[in-house]
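Take this structure, written in structure tokens, and hold onto it; I'll ask about it next.
Naming follows writing order (A, B, C, D, E and F), and every chain is counted from residue 1.
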Amino acid sequence: MTAPDSPTALDLPPVDPLPPETQKYFDLCEEKLGLVPNVLRAYAFDIAKLDAFTALYNDLMLAPSGLSKLEREMIAVAVSSLNRCYYCQVAHGAAVRELSGNPMLGEQLVMNWRIAEFTARQRAMLDFAAKMTEASHRVEEADRDALRAHGFSDRDIWDIAAVAGFFNMTNRIASATDMRPNDEYHARAR
Amino acid sequence: MTAPDSPTALDLPPVDPLPPETQKYFDLCEEKLGLVPNVLRAYAFDIAKLDAFTALYNDLMLAPSGLSKLEREMIAVAVSSLNRCYYCQVAHGAAVRELSGNPMLGEQLVMNWRIAEFTARQRAMLDFAAKMTEASHRVEEADRDALRAHGFSDRDIWDIAAVAGFFNMTNRIASATDMRPNDEYHARAR
Amino acid sequence: MTAPDSPTALDLPPVDPLPPETQKYFDLCEEKLGLVPNVLRAYAFDIAKLDAFTALYNDLMLAPSGLSKLEREMIAVAVSSLNRCYYCQVAHGAAVRELSGNPMLGEQLVMNWRIAEFTARQRAMLDFAAKMTEASHRVEEADRDALRAHGFSDRDIWDIAAVAGFFNMTNRIASATDMRPNDEYHARAR
Amino acid sequence: MTAPDSPTALDLPPVDPLPPETQKYFDLCEEKLGLVPNVLRAYAFDIAKLDAFTALYNDLMLAPSGLSKLEREMIAVAVSSLNRCYYCQVAHGAAVRELSGNPMLGEQLVMNWRIAEFTARQRAMLDFAAKMTEASHRVEEADRDALRAHGFSDRDIWDIAAVAGFFNMTNRIASATDMRPNDEYHARAR
Amino acid sequence: MTAPDSPTALDLPPVDPLPPETQKYFDLCEEKLGLVPNVLRAYAFDIAKLDAFTALYNDLMLAPSGLSKLEREMIAVAVSSLNRCYYCQVAHGAAVRELSGNPMLGEQLVMNWRIAEFTARQRAMLDFAAKMTEASHRVEEADRDALRAHGFSDRDIWDIAAVAGFFNMTNRIASATDMRPNDEYHARAR
Amino acid sequence: MTAPDSPTALDLPPVDPLPPETQKYFDLCEEKLGLVPNVLRAYAFDIAKLDAFTALYNDLMLAPSGLSKLEREMIAVAVSSLNRCYYCQVAHGAAVRELSGNPMLGEQLVMNWRIAEFTARQRAMLDFAAKMTEASHRVEEADRDALRAHGFSDRDIWDIAAVAGFFNMTNRIASATDMRPNDEYHARAR
């Protein structure tokens, strides 16, 4: 049986005590975000796995890129909506609301991203991410050229693919383990 | 325009020269596998991304787990077949043939994993990975309990979810960038 | 070209002035809800259509029934989520938050109703509504018997079917005309 | 247990006796159509519901519109075919045969509306109705513009959306309750 | 350009004159059925192909089998309905009406075979044919055992598979070439 | 219970002894192919069925046509991949490898035919075969015109349709009976 505050349906309690580096990182999250995201608590049963996940996540979402942080979060929510991942829609929906200052944009990406008012460039970016999510085997050169026609470089295309790919991973891990988002996300930036 | 031997359709040449650590890792691949997998060459335009990918991959596929290496490769091929990812079916199909010593098993996982002769435990594992791939939002406690009934621990369930999730990421990145597998895989372990 | 505050993408301005009965009804909405729902404004180009829609809506959602008002709103959001109707998810998501006093329930029904914590009876009700939405031609006596086994009467089954059917209509009309919900819904009952 | 001649699988006998207004309406149906449509008998357990349904139906299918009555029936059959609703294909297939004087047109709309010989305008109308039925969340301004290019006014677009939406409701209510059409429809206008 | 009475959209006129054996067969059709089925006229551009098709068809539909001729026609219509093949629904729908003496049964198989009143044995037969049509790769031993449990022999299972397979072929050839059924079928056995 | 070397899951032993003509044909297979294809052994429980199948197969795959034998095998593998038929992917994948002298082409057609390097003409041919396989009811004149634009004659279009249709039949019969390919195919032409 899982602990009452387990972040998933699996009985995988965190390493106790956490290694100092991990504890420091969690404290930093608490300080900056006001919470330790449950996904990190879920991975904390195995610090090597936690570190690998965190390194990949931080590179994708925070490292320099031709895509803004908001654009990466927009991909996160659109992909998570197509996969109907509760955790990621909640957590990254909040991020879109915060980064955009537009609460409705977060809702639109969750509910039906096609009806949001984007630039043509952003729409092309989300069309590509959606095709990758729904039928990646049908992606062809014409799809990459459509991105290039909106000014995306090949490096940008990689980043779109990498972010959209990443959420197709985490959406599935979250749903497969019934991972639950921190309650605090719900009311943020409404 | 991409270089003639570019591993993807994107014009993202590797860092040149590679950092010594990376070069050493590639040399090790060459020595152990007889090739540097094209996926590593594809990521080599950005060493931070390459390292993050490699760390995650090695933890998932090689670290200790209740799943054997062959079982993890079986998940890889079944998921990649559902997503029709050419790169991953070729590379991991070869791995299944090699690890199992059963060339037909590799083909069956590529062509229609349901008709392969598995243990009931392995079948349950692949059923779960397939549901995660095709409709992760429909995974419920009953699905996890079906795994537990076959003797999988909660830690094993995490590993199944993590491996199946991972290939749902890489399948999409590979297809989105038209990543091509090394030719050498095709004839191996036939 | 549509007026700036047109509730849909169609150029169908309301009858002007509204008939006294209609104006009175809109005033009542304003008083009770703090807004005139855009769907009513959308229909106001033809008072016979508005009245027919309103009569059906009020009977379904407000008349006595074995289903509580909250349960009817839960069906509304689950169906609208499956159809990805922006208008109805926003408006009825707000209603679920208000009637339940549980902001997370509204989000869960929008994002993936299967992961919400319902009674078994409510889950059966939503399973039926979902099957009607996704594959109504596959509904058979066994599906109705599943509802009866949870204590629903034949009259209750009719009401579930009628409410789920209704939102399959309005979801489509709203999406087909790009109907937009009143901004006020977004922040309510968070 | 339902009565032998119950129009649905639900045990919901009609109000007995029917109110004079309802009886008069049923008598008029008998006189004009040679039968009381089973859908009206099905709703007769609750006269408020029957009246709301009838008012909406008559407005949509019989009130003045830029769409002819035959065109509205064509939408009815095409939508009902996509939803595989037995009741509505039978009843409205008969209406198409009668109104068009073309028995084959009724069959074609039931079997595969794409192969019928329509005017380009009618084909565009049915393409829109089909998209609304199968993937309403993907309808965008380009779809409405395609209708406008064939001479449909914004009011006509509303009417197409309203009729297609309506049958997406009734198809589901009919299938959910196993509503059966009057036998008399089968042989009509062959 | 195809001839005005071409049975398909392809310009493939019949061998002229037909070989005596073929002419004799067509005369026999005319005499027994009152028409030469358009599918035979469509194949008559190449007598070897016509003969191969006819031999297979006659063996499947007319040779001794544990399935009655009506049961084989029921499979034909259910499969053709799932594939929405106009030619085969018209021609074999007429055959079901004639062989069963039940005009409604033909309609039900065209519109939604699940709502027809079958014996449990016939329902199992059609469930198997439908699964073969929609997702043949998911057929497993349990599906064959379900047929055996209803008294079907392994030879009967072969015949169900062969008939359902055959119509999955002809449905596609007919749709791919826009093959049109003889007008005479429409009014028969109503 | 089926015999240990039964080519399917059905207990349908071959006629014993085989008629001289059949035995001669099987001997010829053994001599030319090094094996008697299991599909022929599967049909040998009824010589009339075997002969009808063989006649159709040989006409489609071996008779003169505007499509080369390799092109017909390419259609066979692409269709069989879409239907995930193990038998046909194995047997016809080997044929593509042999006829093309390109082992990778066989793999590509099995794994995701869209990423293989075809001529535009071959790609159009496979696009048509795939549409026939996945949604034959949506094939329209524009699809046939796309083939004509690549130089296919109406007779060629018939042949594409007939080959694609045929494998939609055999794929389903093979999967429905769990037909297994001869082991020898796996290692051929790698």
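Here is the rule we go by: contacts are C-beta pairs under 8 Å (C-beta built on N, C-alpha and C of every residue); 3 or more make two chains touch, one makes a residue touch a chain.
Bear in mind that the values here come from a model prediction, so they are computed numbers and not experimental data.
Looking at the partners of chain B and chain E together, the chains they share are C, F.
Matching CA atoms, the turn from chain A to chain D amounts to 120°, rounded to the nearest 5. Once the centre of each chain is set as its mean CA position, chain C and chain E turn out to be 44 Å apart. Between the CA-based centres of chain A and chain E the separation comes to 51 Å, rounded to the whole angstrom. Centre-to-centre separation of chain A and chain C, using mean CA positions: 30 Å.
Chain E and chain F have Cα centroids lying 21 Å from one another. Chain contacts: chain A has residues 84-85, 112, 115, 137, 140, 175, 178 touching two or more partner chains.
Chain pairs that touch one another are A-B, A-C, A-D, A-F, B-C, B-E, B-F, C-D, C-E, D-E, D-F, E-F. On the chain C side of its complex with chain B, the touching residues are 112, 114-115. In the complex of the two chains, the chain F residues touching chain D come out as 137-138, 140. In the complex of the two chains, the chain A residues touching chain B come out as 9-12, 45, 48-49, 51-53, 55-56, 59, 63, 83-85, 128, 132-133, 136-137, 139-141, 144, 154-155, 157-158, 160-162, 164-166, 168-173, 175-178. Residue ranges on chain E touching chain D, taken from their complex, read 81, 84-86, 89-90, 103-104, 107-108, 110-112, 115, 175, 178, 183, 186-187, 190.
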